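One structure, as structure tokens, below. Some questions next.
Chain nomenclature is as follows: A, B, C, D and E, assigned in order of appearance, with residue numbering initiated at 1 for each chain independently.
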Amino acid sequence: MNNKSKNAFLNYGLVIVFFVVFQALLSTGNISSLLKGLLVPMTAYMILAISLNLVVGISGELSLGHAGFMSIGAFTAAFVEGVILNNIKMEGPLSKNLGVQILIFVISVIVAAVFAAIAGFLIGIPVLRLNGDYLAIVTLAFGEIIKNIFNCIYISIDETGVHISDKNPSLDASFAGKMILEGPQGSVIKKVSIFAAGIILLLLVLIIVQNLVNSKAGRAIMAMRDNRIAAESSGLPIKKYKLMAFTISAAIAGAGGALFALNSTGITPKQFDFNASILILVFVVLGGIGNMTGSMIAAALLYILPEMLRELDVQKYRMLIYAVLLIAVMLITNNEKIRALAGRVFKKKDKVSVKPEAGKEA
Amino acid sequence: MLTNLFNGIGLGSVYAIIALGYTMVYGIAKMLNFAHGDVIMVGGYASYCTMMYLGWPPAAALLFSMAICTVLGVLVERLAYKPLRNASNLAVLITAIGVSYFLQNAALLIWSSNPKVFPNIFNMPFFQGVTASAASVSADAAAADTASSGVFSVKQRGTLITIVVNLIIMAGLTLFTSKTKMGKAMRAVSEDRGAATLMGINVNRTISMTFAIGSGLAAIAGVLLCATYPNLVPTTGSMPGIKAFVAAVFGGIGSIPGAMIGGILLGVIEITARALVPTVPSDIFVFAVLIIVLLVKPSGLFGKTVREKV
Amino acid sequence: MSEKKEKEFVLETNHLGIDFGGLTAVDEFNIGIGKTEIMGLIGPNGAGKTTIFNLLTKVYEPTRGNIILDGKDTHGMNPAAVNQAGIARTFQNIRLFDKLSVEDNVKIGLHNHINYGLFTGVFRLPKYWSEEKKAHEKALELLDIFGMADQADVRADSLPYGAQRRLEIVRALATGPKILLLDEPAAGMNPSETEELMKNIKKIRDDFGIAVMLIEHDMKLVMGICENIAVLNFGKVIAKGSPSEIQSNPQVIEAYLGTKKENA
Amino acid sequence: MSETMLKVDDLNVYYGSIHAIKGISFEVKSGEIVTLIGANGAGKSTTLNTIGGLLKAKSGTIEFEGRNIGGTPAHKVVKEGMALCPEGRRIFQQLTVKENLEMGAFTRNKAEADETIEQVYEQFPRLKERVKQVAGTLSGGEQQMLAMGRALMSKPKLMMLDEPSMGLAPILVDQIFDIIVKLNKAGTTILLVEQNAQMALSIANRAYVLETGKIVNHGTGEELLHDDSVRQAYLGG
Amino acid sequence: GNTESGSTAAANPDAGETEEAAAETEEVTETEEGEEAEAPETSEGGALTGTLNVGCIGPMTGGAAIYGNAVQNGAKIAVDEINALGSDFQMTLNVQDDEHDAQKSVNCYNTLKDSDTQVIVGTVTTAPCIAVGEEAYNDRMFMLTPSASSTDVTADKDNVFQLCFADPNQGSASAQYIYDNQLATKVAVIYNNADAYSSGIYQTFKAKADELGLDIVSETTFTDDTANDFSVQVGQAKDAGADLIFLPIYYTPASLILGQAYDMGYTPKFFGVDGMDGILTLEGFDTSKAEGVILLTPFSADAEDAATQSFVGKYNDQFGETPSQFAADGYDCPYAIYKALKFYADKNGGLDVTGMSYDEICEILISVFTDPDFSVDGITGQGMVWDANGEVNKAPKAVVITNGVYVGM
């Protein structure tokens, strides 16, 4: 077994251990409500971090609008759930119907991934022509557009079908349907996803991404990242692969968004704004660009960190502390001395680049 | 339509002035300083406090807030960015975001979340005098808009002042980076820090200098922003900061005139969209136009398409 | 022009040229390369040699003229298509996929010869394993030409300079070209390494039966292995011929070789 | 050839955990051309970069004109009168040729710079033709000339050149070495790192041979040119 | 049911007041006695004892921080006052910051659950309130939101109650008011279409206005991200000849709109809703620009009654600001809960809340809040009663800003 597959299996193991530990805590009731409530969103953010890492780490493009794909997935899930619940007869509440929950979960995740993939494909087209900060700004713009669109559409469902409007129909006295998306107020959701489902999705995503990276397509994507001109001159159809990376990443983000949404009781467009995109980026960078293990760990830790600070007696300074910690972690992990030390400890040939890359120029 | 154009320029000129400072740091230190918007906010508060609590005249308040922001910019650079000189761009980006959160939350603790209404400095006799004389120059624009012909409304006066300040800063920065030794050194540093060092350029000092200038400009932008849209809260700088970033990219990264034109265009698009389709969020159009423009001109309006030498 | 008709060419150019703004970097470049010929392209710095490679591989779009590869005009092709049609190259400033392993660099070259799709790759169907195995073996075989098979797992950017140059050649070769363009392959190599390289270039030509066009300032190498040489100055060909003809051409001596003899 | 200008003693340099320079000592006397030769990765560039202040030594001393400059940052080393013309040229790609040259004279005033720039144009007429061209679009050779011209702009007492002939046409290689000799004659002390051992040794007063971070041989240029082991390894037999 | 209960309240204002006043005096004497006797446990019939853990959720940081902080401050004052009454009943207040984010709000809720919270005051903003409401409904935790005003907050959830007006009430009441008082012939609306509160009120306003035949000549929007420049919106209203602009928005953007209209020399009537309250206390705001602004508000910091005066005084002392309506809502919430528990204790021969589970408390509070005999007099309304939906009934007051102060209309 070579290094790469060792790494991949390490990640699967990590996820499974994560699951077993928390599942044990859950079933013995030894877990706080807060942590219990955080498990699924945490898993969702792990998926999102992996998805963004595919763009940032593997294909080497900066995306500042990943929450846009997440929100497409989330609202798609809300929509699918609404449609299914509207068309299905069910005894008792949803929480007692595991079968229906699974049905909703599976269909939602798939449809969410497809919708997000379509969006990813569309936004991928400009990606082909742009790079660097110009690309970053286009993704940012895309995220903002999505947020604003969700903010002003209203989707309802009744026996005649689904209605999309820019006015809120529920304010009409004669309205007899059910609102699925209510503009800025977002969607009310009946909770379905459970921790185990999230973990299965996470594992699936990991398998897809890691296998992709170690396949022909993944190599091509990484080659483009390292040197576009050389990749092109080696016969790689770079448009195809750039688009592929973007679309797959978007699909995964959509699936993550669906998981996130189905575990919450309500989602709003505002939740998926620029700051949310940045949050995911923070996970990726802190976990190490291109490093899937790191992304997952960073997503888990950083997602719960500010929440854990709630329990301490520092409420007022919570976000200030978070900011300081963020800066401190960046400074420490990038400190040359500490890196050199880590390099010696882990015997990694980490290039301490004092000799700037430009040395190879011309 | 003419009114909308004028209003658009009014909004755009505010974006432009922020974008100029942004581009400065962005073009030279080669980093997306997401905390720039928050430095603007600090500038706003600094001048607000000196004017309202200490009763300083606006000019003194402006100078004071420039001093504060300059010190703040340099301090942040020294403490948070300098240790990351050799780290990846993204690491610096995340640190900048950390700084942004920090400034916002510190401001929240200091000044609370209650908005402060910024005094209308454009209404002061000095500016009235200045713009009254300028009135004759662009009388047609004014006549189309104001009922009391010939005299500028406060808002138009603000726009005019902002544009004049924009032009001065733009010219100043252009001259500075192309003509002065320090300015050229900045460009050299932006390209290859190692090689710049070998020329005898003190890279750290040059980058600090960049931040000092950028943050000083942020203070000016803060005062003008708040004077135009007088609600001052800890998050005042964030959205204009992002818009200014967009404007800078729109105009072409690192291009000083590009930042200004990009800012003004952004404002015009935003206002026009709002006028034409009043019930749809105007940002949809702003960002859609941006994407389309970048598709046609992938390096922004004034960006040089630097062909990579192979 | 007359010589062109005599042989069968793998690559031919007619009136090829490009301008950068006001600067005419290459003009009236007409050349034909035989199926297994090794041709040298020399000339002073800035003469336009690298630019010609960029034109041939469509990194730059020619301002005028055309390029015929194996009887087909490459007009409208992008660099990837040109490569698939049979032109592979190396770069003057090394362009490896730094963060990939040596083996993966070669596998990128083999990309279009590995036959499985995205789905097969992501779900690791049997075809994935068999094709990857084939690619692995092929990559090692190619690396062995330069004795680099034992470094297959090393990251490309941690290779020494000379080895990086050799890896670039292997990668180019892996794409299965009809003609190989080498831009200063011996730059940064010491004399013994250069000698080794000369042998290998010949071997590649013989074993693979392909044409080679190379840019080089090391006259020992150029004169040692090239069958024909074209000399470029200010974007124009000033001389063409065998090594001995070139060496004694006064125009070439004046513009390029100089009078001292150390390099020969 | 009198007093010592540069003296390096027991220098050790690391890249992270890689021990690149293993206790080397050498000196350059005022007015000399000294060359360091060695294979790829021997540590030649590392040595120059350490002297120039770009890298920090782990231990050892570097004395320039009797003053210890070990650990002095690169931008201050320049003021001491030392210029490093780095490997790979490292010219400012977006700046014009003229602006690049002006950067070279950053530590000096305008009048001095204007004077020197004319001298540089004399050495490299090609640069004068291209004053307004953006440096990034120059050809390899042109860029090398620019890099050397830029280093000359600080009127250094000691000029360190890292593989100046790399990638140059034979005629230019000749020219570059001619220029080096001329500069030296005009009073600049030269520390030259070269792969082209033949040429380097033929113009050097003294030379050191570097192998995997250690000095394994030294002598006058002439001696090493005829040394068998050197011929074997670096001159192609 | 609105008008009906509204009229009962209106018909019987004195009764409510005297009743409450009586209760107040009774309470005071009671506790004094208790302290002297030092035997609270066994005191007669209706004693409320023990410590109630109240949790409060709202945005304390970020763009909506102003509302969360106001509620928090108001609630603190109320809790301090209740604790200082000297009875054996105490309240603790645990405030959590949700940054106006639904998911974080649920996290806050879970944190509160972990720290033995028994009732929730919150959440402050609408969308998070809906999300938390669902959780609380499943858990059976009682929620009283000071300010989340959408009907969706309370819909289908018997455990969630509002202290503020629901949006439809405000929207249609505003239209009705404008119509009844013939305030305008041509109306313009500027609302925030990225905000549930604002677009909710707008839409009910619009429906009612259409029904009444009010002429809406211009409808323009903005979002939180574009809440700077209102030149287009105000300009369109002006061009359309609107003589009244309806602003179903918060006071921060409203202050900009007023300023920009003023600069344009455009002086229509401005009509706001409860979110407009606070505009006079904006630091540095030139109140002359708000001259003539009409708003429907349940609270006015200038009201002369003793309760409001005392609250405003304390708020000013502690936080250096004049309280907004959010602060007042925040202040009324703990009192409403306190009074409800006391109401129960009185009826059922005492109640010790210490260590009671949140679902027990929830059932008690639901029964009291839906009890037609239970009403609360607060600083945001006299004789507030709740319907089974959880919506409050109280009469909105229309006030007009004259010389920088609210004057009842």
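Following the convention adopted for this analysis, a contact is a pair of C-beta atoms (placed from the backbone, for glycine too) under 8 Å apart; a residue touches a chain by one contact, two chains touch by 3 or more.
Here the structure is a predicted model, which is why all the values come from computation and not from measurement.
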item: Chains contacting each of chain A and chain D, listed by label; value: B, C
item: Relative to chain D, chain with the most remote C-alpha centre; value: E
item: Remotest chain, chain C as reference, centres from CA atoms; value: E
item: Rounded Å distance between chain A and chain B, as computed from the means of their C-alpha atoms; value: 32
item: Centroid spacing, where centroids are CA-atom means, of chain D and chain E in whole angstrom; value: 76
item: Between chain E and chain A, distance of the C-alpha-averaged centres to the nearest whole Å; value: 37
item: Contacts with two or more other chains, residues of chain D listed in rising order; value: 54, 86, 90-91, 93, 137, 140
item: Shared-contact residues (touching 2 or more other chains) in chain B; value: 105, 192, 194-195, 279-281, 283, 309-310
item: Residue list for chain A, restricted to those that touch at least two other chains; value: 144, 148, 151-152, 229, 316, 319, 349, 351-352, 354-356, 358, 360-362
item: Complex interface listing, chain B residues touching chain D; value: 181, 184-185, 187-188, 191-192, 194-203, 306, 309
item: Of all residues in chain B, those that touch chain A in their complex; value: 32, 80, 83-84, 86-88, 90-91, 93-95, 97-102, 105-106, 109, 192-195, 242, 245-246, 249-250, 253, 279-281, 283-284, 287-288, 290-291, 294-295, 298-300, 303, 308-310
item: List of chain A residues in touch with chain C within their complex; value: 2-3, 207-208, 211-212, 215-220, 222-223, 225-227, 229-238, 244, 290, 349, 351, 360-362
item: Touch list for chain E against partner chain A, complex; value: 60-61, 95-97, 100-104, 106-111, 113-115, 126-128, 130-135, 138, 150, 152, 168, 193-196, 199-200, 203-204, 207, 223, 225
item: Complex contacts: residues of chain C adjacent to chain D; value: 20, 42-47, 50, 92, 160-162, 184, 187-192, 194-195, 217, 219-220, 255-258, 260, 262-263
